[in-house]
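Next, two complexes with chain A in common: one pairs it with chain B, the other with chain C.
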Partner chain A sequence: MLLAVLWLLLGWLDASYLYRLASMALVFGLLAASANLITGVAGMMTLGHAAFYGVGAYTSALLSSQYQFSPWLTLPLAGVTAALLGGLTAWLTRRLVNVHFAVATLGIGQAVYVTLLNWVDFTRGPMGITDIAPLSTASPAINLGLVMLVFLLCYLVLERTVHSYYGNALRALREDEQCVAAMGLDPAKLKIQVMVLGCFIAGLAGALWAYSTRYVSPGDFRFSESITILAMVVIGGLGSLPGAIMGALLLTLLPELLRSLGDYRMLVVGSIMFGFIMFLPKGLIGEYSALRVFRSHLKALEQS
Partner chain B sequence: MSAASQYHKALIIAAFSSLSLSAFAAPVAIGYQAPLTGEYAQYGNQFRNAANLALDEYNQTHKAAPVVIKFADSKGDALEGVSIAHKFSDDNSIVGVIGDFSSTVSIAAGKVYAETHLAQLSQTASHPDFVKISPWQFRNIITEAFEGPYNARWISQNKIKKVAVISIQNDWGQTASKNFAKSFKDAGGEITALESFNPGTRDFRAILTKVARTHPDAIYLALMYEDGAALLQQKLQLGFNVPVYGSSSMYEKKLIQLAGPAAEGVKISTTFTASSKEPNVQAFVKAYEARYHVEPSMFAGQAYDATRIMLNAIAKAGGEKASREAVRNALAATKDFPGVTGNTTFDPVTREPAKNLSRLQIHNGDFTSVAN
Partner chain C sequence: MSETLLELKQLSLSYGGVHALEDISLRLPAGGITGLIGPNGAGKTSLFNVITGFSRPSRGEVHYAGQRIDGLPVPQIARQGIARTFQNLRVFPGMTVFDNVSIGALSQQRFGWRALWSRQQHSAQAVSAATWAALRRTGLDGLAFELAANLSYGKRKYLEIARALALQPGLLILDEPAAGLNDSETAALADFLGQLSQEGLSLLLVEHDLSLVKKICNHVLVLSSGRLLAEGSPEQVMRDPAVITSYLGSEEA
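Moving on, here comes the complex of A and B:
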């Protein structure tokens, strides 16, 4: 609904800069929402989310430029490749908790970045991939509409996952893994499932980024990107899906809105981030308030 | 659409993109995207200084139709570079764009300019694919396809047969080392080792020991000066004593300051030398030093010339009435433009620049011209 209004408004303004901001915000919205599922809801601190994002981007970029796959085929394939890597990571690290899991994902992030950079024959290394087809050859408005569509689908899937009994099991996993095992659930299985879903969406986001920018290079998937994504989740509210989207909106649009400040821009962005953490430690929309809204919806549905 | 609604639309776009309204009443503008903060800020700030110098000189002689430059900070990040490209494309006052610094960001932004039909002139992007994006891309730097063979000929003229190459692992470093190695082999030389290091490396001892074992007669370095300084110091500490030749990217006073005596004897070819006797170079160096209290580097020279080439194209394309297309065509017609980095001609088909190089050697803590 909100997206449709936004799309019409942007179509009326028809400025390529605004299309760009909107699609960038949506891509990072997906990244933050998927990182929120892994880190916020299931409590698995990930420091390597950019790796899965990068694998998705490179999968679609390579399939599109080298093998002329249709973009619509490469989108799910990008998700699947990233999900496979995510599932493998989770399976290998299924016994690791807390900071140990974080360091393992940090390692995966670095390994993927260094592979993209140095496997020159396959990824073209630091030269990047330049000849990526657009998502559709129609107008930029249609392209943005398609990005919005993918975003919406992913959001719905995440929304149903997080606000369900399954979501409760994930939150239990975050609070006490042994307790989850005692309830007859398999924590290792839950962890793998969460990583597969989260990384699938990160891979999709990567493909959308590749198609909207039409040039990918390893520099876009460095450690700093993982940290930015994590900051979006924390500022939005750990465990809160709408919060993650808000965090992504804030951290993608704020640096652009403050462009007129010149050299002091990033200083101000940093201070604002600091302020949010100091005064809103639970995030823009905390997990509890997000859950309360969804539960009241559920109650209203049951009563009607 | 009615004029009023058109106006409202413009207002909203202006508010969103935090542009000033004057952009619509518009003196002609150049968009300049460069890393003004972050890892590569030192380059971006040199570009800005040099561009402002060139702009003020231009506006003094063109008081009737002054040009403004709108700077935007890309942080050396492709993500930001693309956003800036869209922003510049939407800004009707901008008729030409200069930047970005790295090839990666320049290409990502170039994809946008190719679609929105806005001429882009990079002062530094030397990736072979950059000017191939579309007829709207230009560069004011000779590529490694030009510099590599030049240095290879220079080294073989000095009767050196075996060379080891050390380069930075990025798009530029790869092209630089490949181009050099190929032409050195073609000239009858032998490449004993072809090593590269990841950006951010500070310890070069492993690479240097590996290279030393292949017994080269000289080393060729394709890297930035800050890496070069660390590498030269570690080379001195290891007692690995062979002549060093470097790419033009190492031409920077800081190299000597950081490396100290380790930089002694290093040979570099470059398009710009602050100690050149050419009157236009001397005038530029004096004006730059008077305003910023530091000697201009090659990067400042590149940006100064790029800005002047762009301003010249705008003037030729009709000054305040210049259209984006006219500016592109005027840029493409640039021939023998007398700059501080040598006379520049853009090839009308490939849009690659041709320039002349001069040879330098570090001697007693300073760059001095040498014949061979």
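Moving on, here comes the complex of A and C:
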């Protein structure tokens, strides 16, 4: 509903800058929401989310520009490639404790970035890949609508995952892995599943990014991007899905709104982030409040 | 005596050079409450860890309900019906009481993906039914939507038991359930454990409070320096001279 209003509003304003901004917000919304699943809900500190995002973006960019795949075919393929890498990472690190997992994902992030940068024959290195076809040849408004559609589908999947019983198992994994095992659930399996799903969505977000900007370069997938995504999750509220979306909106739109400040812009953004953490350590919407909202029907049902 | 529920055969466990358990063989009949006592560092927790798969024995076998379980992964042993609590109280503090207990219900009842992925209280009725049953059983149903971290210490102890009960185990293993409770709380716990046993659940518990052991256990195992020193009824065991010198004497019971 909100998305439809946004879409109509942007159509009315008809500014390509705004389209770009809106798709950026949606892409980062997906990145923050999927990183929230991994780090906020399941408690696996990922410092390399941009790598899975980048793998998705390059998969779709290369498949469509070099091999003339249809964009709609490359979207799932981008997700699958990123999910495979994520699943492999989780499988290799399944016995490690959280700090080690964080360093492992940091390593994956660096490895992917360096590969994108230096495998010039395949990725065209720092020049990046230009002239990627758009999602559809119709108007930019239609393209934005399609991005919204994918966003919505992913959001629904995440919403269900986070608020289901399965979501409980993931939160329990974050709280005490050994206890989860003692209750008959396999922590290694949960970790692999959560990375596969989270990285699939990050890969999709990468593909959407490639088709919206029609240009990708390694710089979009640096370590600093992983950290920005993490900041969105923390500012929104670790473990809270609506919080992650809000955090993403805030950190993509704020720098744009403050453009007039020129050189002081990032300083102000940094200070605002600092303020949020100081005064709202649980985030814009804390996990507990978010769960309460999504499960408000629970109490009513119990009473009946 | 009824059929054997748990059997240990020549079980040994060593941590590097430390022999935590040495050559332990015993049979636990189904039903009843078995108490495991022994001085600090005797190997009681180590024995629980071997039974539940947290430690691999260096020698020997563990059989549960006729099946060999040593060497199996922890979750699989739990799904076969052995639930445990921990000596240092371990709940999921950042989750609600209901959500804590639902974790126990999830693994026992293999509903498949649809139920696992459903919203609470909707199609996965069986998960929520098992969760509510365990909550009512422990008197925590009124606190279902509280965060576990906000519960008192005594309530959190019940929460840990409720989570284990939701697994619908055949054997419940409790590591010092009464530790940290006051006298009236301990008495209430004793009644509660007695009721669980009457309902057919087998219990194995470590307890330092010997009067509690005398009151509720019908079988007692005494461990000392990793060896099984004595076993029998509470009266028998506490009259045993070896037990008195090695354990009771030192603790002045």
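Brief remarks follow.
By definition in this document, the second predicted complex is superposed on the first by the 296 of 304 C-alpha atoms of A that agree within 3 Å, B and C clash if a C-alpha of one lies under 4 Å from a C-alpha of the other, contacts with A are read in each partner's own complex, and residues count from 1 in each chain.
Heads up, the rule we're going with is that a contact is a pair of C-beta atoms (placed from the backbone, for glycine too) under 8 Å apart; a residue touches a chain by one contact, two chains touch by 3 or more.
Keep in mind the model is a prediction, meaning the values are calculated, not measured.
Contact with neither chain B nor chain C is seen for A:D121 once the two complexes are overlaid on the shared chain.
In the superposed model, A:Y17 lies in contact with chain B only, and not with chain C. Using the contact criterion defined above for the overlaid structures, shared-chain residue A:D186 touches chain C, although it does not reach chain B. In the superposition on chain A, A:D220 makes contact with chain B only, while chain C stays out of contact range.
In the overlay built on the shared chain, the residue A:P255 is in contact with chain B alone; chain C does not reach it.
In the superposition on chain A, A:T130 contacts chain B only, with no contact to chain C. Remark: chain B residues 9, 12-13, 16-18, 36-38, 71-73, 75, 77-80, 82-83, 86-87, 89-90, 104, 107-108, 111-112, 116, 127, 129, 133, 169-171, 173-174, 198 touch chain A in the complex. For chain A in complex with chain B, the touching residues are 12-13, 15-21, 24, 114, 117-118, 120, 125-128, 130, 213-215, 217, 219-220, 255-257, 259-260, 262-263, 265-266. Residues of chain C that touch chain A in their complex: 52, 54, 73-76, 78-79, 83-84, 86, 90-96, 98-100, 102-104, 106-108, 115-121, 124, 127, 132, 144-145, 147, 163-164, 167. On the chain A side of its complex with chain C, the touching residues are 160-161, 163-166, 168-169, 171-172, 174-176, 178-187, 287-288, 291, 295, 297-299, 301-302.
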